[in-house]
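Per-chain residue numbering starts at 1, and chain names A, B, C and D are given in the order in which the chains are listed.
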Amino acid sequence: MRTTSAGVFKIATTGPGDVSGLMALIGSGAIDPKSILAILGKTEGNGGVNDFTREYAVAALCAALAPRLGLSPEEVEQRIAFVMSGGTEGVLSPHLTVFTRSEAERPAGLSGKRLSIGMAHTRDFLPEELGRSAQITETAKAVKAAMADAGISDPADIHFVQIKCPLLTSDRVEAASARGNKTATTSAYASMAYSRGASALGVAVALGEIAPDVRDEDVLRRYDLFSKVASTSSGIELMHNVVIVLGNSAASVSEFEIGHAVMRDAIDSAAVIAALESVGLGFAPQATNGRGLVNIFAKAEASPDGSVRGFRHTMLEDTDISSTRHARAAVGGLIAGLAGTGAVYVSGGAEHQGPAGGGPVATIARLSD
Amino acid sequence: MRTTSAGVFKIATTGPGDVSGLMALIGSGAIDPKSILAILGKTEGNGGVNDFTREYAVAALCAALAPRLGLSPEEVEQRIAFVMSGGTEGVLSPHLTVFTRSEAERPAGLSGKRLSIGMAHTRDFLPEELGRSAQITETAKAVKAAMADAGISDPADIHFVQIKCPLLTSDRVEAASARGNKTATTSAYASMAYSRGASALGVAVALGEIAPDVRDEDVLRRYDLFSKVASTSSGIELMHNVVIVLGNSAASVSEFEIGHAVMRDAIDSAAVIAALESVGLGFAPQATNGRGLVNIFAKAEASPDGSVRGFRHTMLEDTDISSTRHARAAVGGLIAGLAGTGAVYVSGGAEHQGPAGGGPVATIARLSD
Amino acid sequence: MRTTSAGVFKIATTGPGDVSGLMALIGSGAIDPKSILAILGKTEGNGGVNDFTREYAVAALCAALAPRLGLSPEEVEQRIAFVMSGGTEGVLSPHLTVFTRSEAERPAGLSGKRLSIGMAHTRDFLPEELGRSAQITETAKAVKAAMADAGISDPADIHFVQIKCPLLTSDRVEAASARGNKTATTSAYASMAYSRGASALGVAVALGEIAPDVRDEDVLRRYDLFSKVASTSSGIELMHNVVIVLGNSAASVSEFEIGHAVMRDAIDSAAVIAALESVGLGFAPQATNGRGLVNIFAKAEASPDGSVRGFRHTMLEDTDISSTRHARAAVGGLIAGLAGTGAVYVSGGAEHQGPAGGGPVATIARLSD
Amino acid sequence: MRTTSAGVFKIATTGPGDVSGLMALIGSGAIDPKSILAILGKTEGNGGVNDFTREYAVAALCAALAPRLGLSPEEVEQRIAFVMSGGTEGVLSPHLTVFTRSEAERPAGLSGKRLSIGMAHTRDFLPEELGRSAQITETAKAVKAAMADAGISDPADIHFVQIKCPLLTSDRVEAASARGNKTATTSAYASMAYSRGASALGVAVALGEIAPDVRDEDVLRRYDLFSKVASTSSGIELMHNVVIVLGNSAASVSEFEIGHAVMRDAIDSAAVIAALESVGLGFAPQATNGRGLVNIFAKAEASPDGSVRGFRHTMLEDTDISSTRHARAAVGGLIAGLAGTGAVYVSGGAEHQGPAGGGPVATIARLSD
């Protein structure tokens, strides 16, 4: 019986322009470039507006993959979903995670649900729709489409939903204005949070985590509304949302399994351990026989109320280091300590992604055989 | 029978100049100001050369304690050992730890070793002695004197040795030069590392952790030579070393106990858990019945070889955030996650304090009763 | 005939806690501590929310002046207007400018207008009044009162108006809310800009630079409304505005004169030279015979439209260095180059203080005799 | 008569990957891509070890120019000298300066010396030669060869010598060590200063600014030895020095002229004005009839003695902002103010390039006709 298989490859990089690890895996036949669906990366910039390591990494990957795919670099950027998260503070280590999907023959006797990946796009948004219910509703639709693409029908089987979403620029704000419409904000920086937040709420709606009647004014305000599996990231290069769902499916013959938990705050070690245990791993997974840790995906943020479990933090008042850099360093230190490696994907900006001050944490393990 | 008792008080602060928490405990009678031996603090500066929160905190504490002790602020600074560690990156929370010592009556039936504190000073050093064998040898002597002061004879009962040590200024370098002598370095910044390193080696010699024949050229080079319990910090205001030993003694009737472990690298969660277990606590100590966590004291640094367990870190090459800030954020995140609180003492600059890239981690628990 | 004299003393400091220069001038009799009206300082912090060098400097000055004035440190802080501007980026050099006022006998034959200083306070504001017309109107009244105090009636004789104004805290926002009122913003950081902006507009109204009918919604929006001489700075320690006017008066027998110009952008060297020339100095004032430069006072900001004379700047998009630090460094470099010294007062946050991207620049010269 | 012509084009960029301005000039025929000799750029990174905007800019330029030159991107990087200087602090504006050289017919009646450009390479260095007399001597030879290439024989006609030089990596240090040789330093970061310093001393030797007998131990120590026209910049991608000399030659029919002066410290406005005047421009060159400013090239650094004209600066002790960023912001502010534009080339790291704390400043003007 023909079915699908999802692959996951973690590749350390020596800099944002380093594509040698991926090219070596392609050269050896371990990765078929045509099977690449998405690449998530941690790059060593500051993760802020002026972090050029993200676009540099994407440019380098597109240039390197273009001849292998018989496409132009621009076409590669359209075909593969690139999500680069800047900021490897503390012990975090720059790396790429390459997701592949291919048809496969189901071996006899294989049982259990296994990693499956699906993708979908929304339509292009108008600038005035970003950060508002239109973006929420359309994202919810796309999440359902991506679930279908992944062959997953039960929301409980979805463990991580990575979304790339647009942001506002002054041109886009003016275009809305010329139509007589106001955008959610006029600031490019603030629009990133709005877009991330609405996209995360769209995931929550699609998975039934919250009721579908989210209002425009709830975005970036009602932080009790959130998804436990959404991870969203905004970029200037698109006007629609790209949705990647990662879950487990009985139809998949992948060698991998995914699970998740929710950090209720930035020091929630129990949640990190629960995420490891959800895929049969434990604390210090290196020691685990058989199953092996591939990667952990988490979102981090400085809790907006200025404290963690009753003790004041100083991340939001530091004029020298942005709070997103602080949060990645701290949460990255905790996850790395529990996972036994700094090559984990910890990303900042967790609006409506987990509770305020916390965030989702997903784990992918390679199954024993 | 008369004996001694050591007290430990952790006090959250609202800023480097905030003395209200300490004054309230003095006002309520919980702390007798005359019993205060040392105050260790985490302040919210950058921990670097231009971190003025440390001297501001000391100035505020001296001004506030002066009338309670019938001394001038300058005399308070001489009487009490103030060790302020700047930098509360990530989830770390600004606070003070106040150590007291007083005579007490031994209750009948009390058994076991309990927290005991001892202090001692070296003689003043010549600038050319800093970072060299003279500083090592004199520090070792002072550690032994402080052990005697604490009533501890077995090095195995020593779990944390906090040292304040001098640094070089251009005036001090010139004074040495005028005598025809060269200092270990002419840079004030570099001299801090030399002084911290030699002081830590002095602890290692005193406790028999390394052989006493350390040579000048081993300082900041032979990182295989280190102490598992030394925590050293250099300051401009003194020319001698102040040594505070924290250990357990059968002579103490303190309500507290101390233990330690050694982090072999910045993600060594097992060591943090071992340090918690060494005083009868466990992972998530808040849940522990009876015994309670008071504080954790740890040193952190970016591993000099640029990697942690085989994965590259980017702390040493970041021009925007100093590696000490990165390291405190990451190690602070891990320890806070395992301890369940960000109000822990994580300090940077761990030369010869634990192995390269790692550092000592000590825990004080309040005993159940 | 009895009249008044205003004195100005520029004192280099070795750190935010350094009061030795001021104490030496008091010890030598050059400064009578009772004559001190205001102290403006540049301290070496980051100038942001977590810049503790400002309060440290004020605490050190109050503690040092208290015994000389027979007051408690708290009373000193009430008596003297302390305005500390954090941030000595680039070539800017930490220093204090001490303003004194005393009665004097008018020498025969003295002519011309000379430096005169006046002070006044507004009433305490309600939190909901900050950043709005109430603050504008009350500030305008206080500016007129301070002009009268300085013996100056012609607005053309006013060259610098330094204002200290309140900010919002969460407690203050809640107090307004409990009264059923909304504040201009709920963010402490944003409230600083609102309070600075409204205070500057109050100066503009008082001096007839703009019409008095400024509306609440003009604050931080209508940047075409501004004062050419206002310099405002918000602090948490007060709920009213303190207004210090610096101008020239025929009644003054001061040895000093003040003038000003307006920088239309951050590279407006012509304005800096005009400010120097307005008090009889020129480019490279050190070379000027007779008259000597005392200090320059300027406000700097990154132009909100992202460019300077048609060329893009990157200050507003830098996640690692705040735009206020960039702006002080650049404008400080220009003014220092033209003034021949880095010991100048360049402060950030110039809302409604000069045109957008520019700011006022005032110069005080010592007269030849 | 056939002779050469040198062209200079300043092109604003919207980001480090923006090549559109250059492509447009090529598309319009204004620039013949085959005539491009060198591209100097200011990119908006931090200018430090982890500034990836420099290599990103070079990668983008090489990819864009490759099809125009019929070469691979790697061959473009070999053919054209790319010198990217990271850091557009303060008002500095990201831009490229493209230098071209082509054969031309000398018009009758043309007189005077005009801009001429020459290039030369040294042989590859051994790692142990970097920062030492071998690098000095070979660089001096290459400077003379580049002068010949430019058709300039009189050192007084040389106004700017831009050098790209190697740095040490751990591999290179080990290679030296395997040969039994020690390198000048084992730190990659420190090696950049050594290589820049030795290269600048090579220029000084070639131009007769200093005696040729410079010893290894003079590098980074004898700061009284310096070149008034050297600007050096180290990069990981080469093991030899690339030398670009810019001067004036009677053989050139260029529309441009170059001149220079030397800033004796970071606030030396007189030197900047002298550099403008050396090419017939003045203060506020925009207003100058006929001649027009093309660009200014300067090196900046924090004065190593910690003060500027007797006043303390705080650049060297700031743990949050590197001194090179401070220095570029301040000197950039001054030069932009005097030049009337932030699109100037101000670069950090001025070892032996101008006096300690100062640096060379060169100006290129377009001639009137």
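The rule is short, and it goes like this: a contact is a pair of C-beta atoms (placed from the backbone, for glycine too) under 8 Å apart; a residue touches a chain by one contact, two chains touch by 3 or more.
For each chain, UniProt lists the protein as follows: A, B, C, D = Cyanuric acid amidohydrolase.
As the structure is a prediction and not an experimental result, all values here were calculated from the model.
A.B. asks: State the pair with the higher C-beta contact count; candidates are A-D and A-B.
C.D. replies: Greater number of contacting C-beta pairs: A-B.
A.B. asks: Farthest chain from chain C (Cyanuric acid amidohydrolase), going by the mean of C-alpha atoms per chain?
C.D. replies: When every chain centre is compared against chain C (Cyanuric acid amidohydrolase), the largest gap points to A.
A.B. asks: Just curious, how far off is chain B (Cyanuric acid amidohydrolase) from chain A (Cyanuric acid amidohydrolase) if you go by their C-alpha centres, in Å?
C.D. replies: 40
A.B. asks: State, to the nearest whole Å, the distance from the C-alpha centre of chain B (Cyanuric acid amidohydrolase) to the C-alpha centre of chain D (Cyanuric acid amidohydrolase).
C.D. replies: Chain centroid spacing, chain B (Cyanuric acid amidohydrolase) to chain D (Cyanuric acid amidohydrolase), equals 47 Å.
A.B. asks: Report the inter-chain centroid distance for chain A (Cyanuric acid amidohydrolase) and chain D (Cyanuric acid amidohydrolase) in whole angstrom, where each centroid is the mean of the CA atoms.
C.D. replies: 42
A.B. asks: If you look at chain D (Cyanuric acid amidohydrolase), which of its residues touch at least two other chains?
C.D. replies: If we look for residues of chain D (Cyanuric acid amidohydrolase) contacting two or more partner chains, we find 44, 46, 50, 314, 320-321, 325.
A.B. asks: Going by the contact rule set out above, which residues of chain A (Cyanuric acid amidohydrolase) touch chain C (Cyanuric acid amidohydrolase) in the complex?
C.D. replies: 46-51, 314, 317-320, 322, 325
A.B. asks: Per the contact definition, I'd like the list of chain A (Cyanuric acid amidohydrolase) residues that touch chain D (Cyanuric acid amidohydrolase) in the complex.
C.D. replies: 15-17, 44-45, 50, 52-53, 55-56, 59-60, 63, 320-321
A.B. asks: So in the complex, the part of chain D (Cyanuric acid amidohydrolase) that touches chain C (Cyanuric acid amidohydrolase) is made up of which residues?
C.D. replies: Touching chain C (Cyanuric acid amidohydrolase): residues 12, 14, 44, 46, 88-95, 266-270, 272, 283-284, 307-309, 311-315, 320-321, 325-327, 329-334, 336-338, 340-343 of chain D (Cyanuric acid amidohydrolase).
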